[in-house]
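In the two complexes below, chain A is the common chain; its partner is chain B in one and chain C in the other.
And now, the complex of A and B:
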């Protein structure tokens, strides 16, 4: 799936295949885009997120059974992030669920739409309508400590101060859009679900106020605040507990696909746990061994060069008894230190919306 | 450090984190087991979804439980349970 905004991007945009989607990885370079996102505000091409409409009389019952968080009373003015699990408790995807008048709209994580829709259809015991809306709708994001100001200039200042995960059906440039206060990076974040034929116009309008950031800058900023990046963290048959994504699962719900497996994993106390680490100049590959006191205690899940820290930043999955901040490990001969989350404190936490 | 020393150091942080989780669940009357909260889980907005009223409750609870006043602290101290552990048990940060 190629981004519907490709024709609106600069000619030297660097694209990459992420799952089933071709997405812009970089526009002006990772460092510059990261700084814009953390210091001011950036517009994001989120067209690699698939939009799937669940409708019909049993839509809410279906979503309530398939999503790991409680969406029974999700009104059309709210959205919610949730995991979707399989029977074994493994992550199918991390979705943003929007309440709608006739059901729900699910937004997949980047490049995971095909897998998600296949899973939904395979589990459609309720006979709901499952419609891929990515042919007519797409998603743009705004994130950064001053993203609220951009919302005011671009659409409506009232929208900027919506509560977190509030949704408003609004109009931009005579076009109906779904506007939501969301966020992946710990900064002020907003999403706009817009008809594809108007997406390029909105993208260009946003660029009059902010610069664009690509997938690499977005994922770096997500990692820094320990926002799960499903495509990079769920490989290898790990469960929710090992990933540390418990907060995207509501175990107080009566029933959902994967609940028994998640509870069994939680109660067993077995398996490894994920912890952040930093150190060194080299970036280890996923799977690189993690040593503690000379003993192999786990492996690297992902690692990148952090612009904010000026050092390598990564996640390691290690023995549970060693999953704690402030420890010295060795990865490929390099000393690293485990970290306390968030690894970078978002500027938005100290900047009020005015 | 030997692996046993690392395990001991990790256990000290995990113990403080567990104490904080129990306090959060008890004070905010949450319907989850304390250990369901992970050390790195965000507490505000996403994550545990605490709001400003919850923070006021936690300020009081932390002072009562740990003898540490965080009233003038930046919101970053509530960035995660582990971050909060650094504040209520300064030995953890000093040893890092």
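And now, the complex of A and C:
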């Protein structure tokens, strides 16, 4: 799936295939895009996030069974993030669920739409309508400590101070859009679900106020605040607890697909845990071994060069008793230190919306 | 043609800057604030010490010896009420045409320091002033005073009264002070709204406005001071204590008020702001100003007199309404004092530090409250007498029932229990394992909110309402409760007793009586007009009255009435409870009951199936004197206010005398006395009797206090189809009400 905004992006945009989507990885270079995102505000091409509509009389029952968090009373002015699991408790995807008048709208993580929609259709016991809306709708994001100001200039200042995960159906440039306060990076974050034919206009209008950031800058900023990046963290048959995504499931729900496996994982206490680390200049590959006192205690999940820290930043999955901040490990001969999240304090935490 | 103009003809106020309106206005216009450090050593535990206190001698100096034993709250209120009546020169009015709407935020102590019913202060004032007309205690926290003025206008417009005292009162209470300190909401110095918003100061006081129809006021030679041109209510549906940061609720309240008055933002010359001095409020309020007035926002001066008197909670809206009337009269805007000289000049005009002569014909007074309740009042320069029309009548129906009691959860379980004659005296409803709200909210809610939300959602589903988001913005909610959450009040009081520096802040946010109504709005996403009524067992029927007035005035097509009360003490085992039995006692109960009220044509258009039409309502204040003044028409069933004690015998005798042959019953024998919820349940079950022919029976009645067993409903199936049912409600010693329902 190619981004619907390809014609609006500069010719030297660097694209990459992420799952089923071709997405812009970089526009002006990772470092510059990262700085814009952390210091001011950046517009994001999130067209690699698939939009799937669940409708029909049993839509809420279906979503309540398929999503791991409680969406029974998700109104049309709220959205929430949730995992979607399979029967074995493995992560199918991490979705943003929007309450709608006639059901729900699910936004997949980047490149995971095909897998998600196949899973939903395979589990459609309730006979709901499952419609891929990516042919007519797409998603743009705004993130950064001053993203709220951009919202005011671009759409409506009143929307900037919406509470987190609030949704408003609004109009931009005579086009009906779904506006949501969300956020992946710890900064003020907003999403706009727009008709595809208007997406380029909104993108260009946003660029009058901010610069664009690609997938690499976005995922770096996500990692820095320990926002799960499912495509990089869920491989290898790990369970929810090993990933550290407990907050994206709600075991107090009566039932959901994968609940028994999650409960079993909770009860067993077995398996490894994920912890952040930093140190050195080299960037280890996923799977690199993590040593403690010379003993193999786990492996690297992902690692990148953090612009904000000026050092390597990564996630390691290690023995549970070692998943704590302040420990010294060795990765490929380099000393690293485990961290407590967030690894970078977002500026937005000290900047009020005015 | 315009509706009947309603004017203010008398003012009364006592607060930190004045013992009467003249002194109050002099200090407001000369910038003499009244925020001073509290000298009571008990308050030394708090870092913040400033408050707007009323000197004791201002109270004792204005009360005759016969009133010396009154508690502080009643004393403050009585002083302001008498001032308003005196200025209006009101004498010789039929007591049953003279009403009172009082706003109050806190449950206040009697002279001995014990909690008293919310409406007790009001009863004291009404009895002393000889008032027997409509009597409503409105408790929308910090919006209550302004809310009271609006409801008073409604009472005049629907013809229920010829004069209404509307106002608010609250004293400075240690517990409340500790709660605000716990929320970190207090400024350590005199508050400085809009410039150095670092917190509020609490205050105390009372204020009243005497409202009457313009034509009657002029006919008796009174001088109108201002017209109450309109008012608007709204619910944030956002958070228990924090205002919606978008300002959406405040904006809709002001827009509704302007629409009610038939005015536009361009007419407004001055805005009396809520201006508490907290960053959340002041920021939100600036947004409201910009949204409502647009590019003209900077040309509409707005100021906060809380910079003089502190936040007087339930009195604030009334105190500020008095100031707004005086501003209008003299063409002077009081300033926001303490305005920081180094404040960055913004785009709004907060009338910093100095009063300003300002030609104005229209003033808006805004208040925003815990629970997300907002109110805007529109006051205008009084015009000449003019032709007017009566508020058009609009038929209303009850379309959905949501009882949650020991009998069951929902109308189906409740009906089954009634048919089986299975009482659940004092039994708390079981919601174990069931959620009626997102779990993230549900798990933090107290029991009263859970019951009320369950009842609301069930009534909504029973009504078959499926409204899009946009229409939910106009759905009203009227919450009725005698005492609010006993669980939260108890928890908060216990925490204060243990350590006032560590109050249970979550409980504190639920101590305000309107908190549960706010939680219902938040959960169901209702943002229409909303208010909270606290008149004991008569709360639900008064709430229905308010809902009908909202519908009649065209402010809502759908209004949810929710009544809830709870008890947390043990119920005596083996207690015999049978209303109207001379050997019966009474036991407390816990329940929530919601019912949906809709404009009849709205319900018909959507294909709804009503239970019953509302044929009429009536309320009278004062002690029980029979069922005179109740709506006409002979009913087929009377569902009485009997609880097993109290005024059961008098009520039964009065009903049997007035309506011989009409079976009398009541629901409290099944559930115990659930105060407001029993009133709500009686209305709901009367509607059920009309549509489905099922009514609560007095199965345990053996020795009737009046008449014989044949005079009572002894089986759950009334002998004849119920075409009309009369429902009685009662807050003993305070107010009695009646609701007449009919078949559709």
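Criterion: the second predicted complex is superposed on the first by the 354 of 354 C-alpha atoms of A that agree within 3 Å, B and C clash if a C-alpha of one lies under 4 Å from a C-alpha of the other, contacts with A are read in each partner's own complex, and residues count from 1 in each chain.
Simple rule for what comes next: contacts are C-beta pairs under 8 Å (C-beta built on N, C-alpha and C of every residue); 3 or more make two chains touch, one makes a residue touch a chain.
Predicted model only: the values in this text are computed from it and were never measured.
Once the two complexes are overlaid through chain A, chain B and chain C fit side by side, free of any clash as defined at the top of the document.
Looking at the superposition, the partner that touches the larger set of chain A residues, chain B or chain C, turns out to be B.
In the superposed model, A:101 makes contact with chain C only, not with chain B. Looking at the shared chain after the overlay, A:116 reaches neither chain B nor chain C. In the superposition on chain A, A:158 contacts chain C only, with no contact to chain B.
Shared-chain residue A:324: touches chain B; no touch with chain C. Of the two partner chains, chain C is the only one touched by A:354; chain B is not.
Look at A:342: by the touch rule set out above, it reaches chain B but stays clear of chain C. Within the superposed three-chain model, A:73 lies in touch with chain C and out of touch with chain B [touch as defined at top]. When the shared chain is aligned, chain B and chain C each come close enough to touch A:252. Minimum C-alpha separation, chain B to chain C, in the superposed model: 6 Å. Comparing which residues of chain A touch chain B with which touch chain C, the overlap comprises 252.
Across the complex, chain A meets chain B through its residues 81, 164, 183, 186, 225-227, 244, 246-247, 251-252, 266, 274-276, 292-295, 297, 321-328, 337, 340-342, 345, 349-350. Put simply, chain B touches chain A in their complex at residues 1-7, 9-11, 13-14, 17, 31-32, 35-42, 45-48, 74-76, 79-80, 82-83, 85-86, 92-93, 95-96.
Touching chain C in their complex are the following residues of chain A: 70, 72-77, 101, 157-159, 161-163, 169, 250, 252-253, 352-354.
On chain C, the positions that touch chain A within their shared complex are 238, 244-248, 283, 287, 290-291, 435-440, 443, 468-469, 523, 525.
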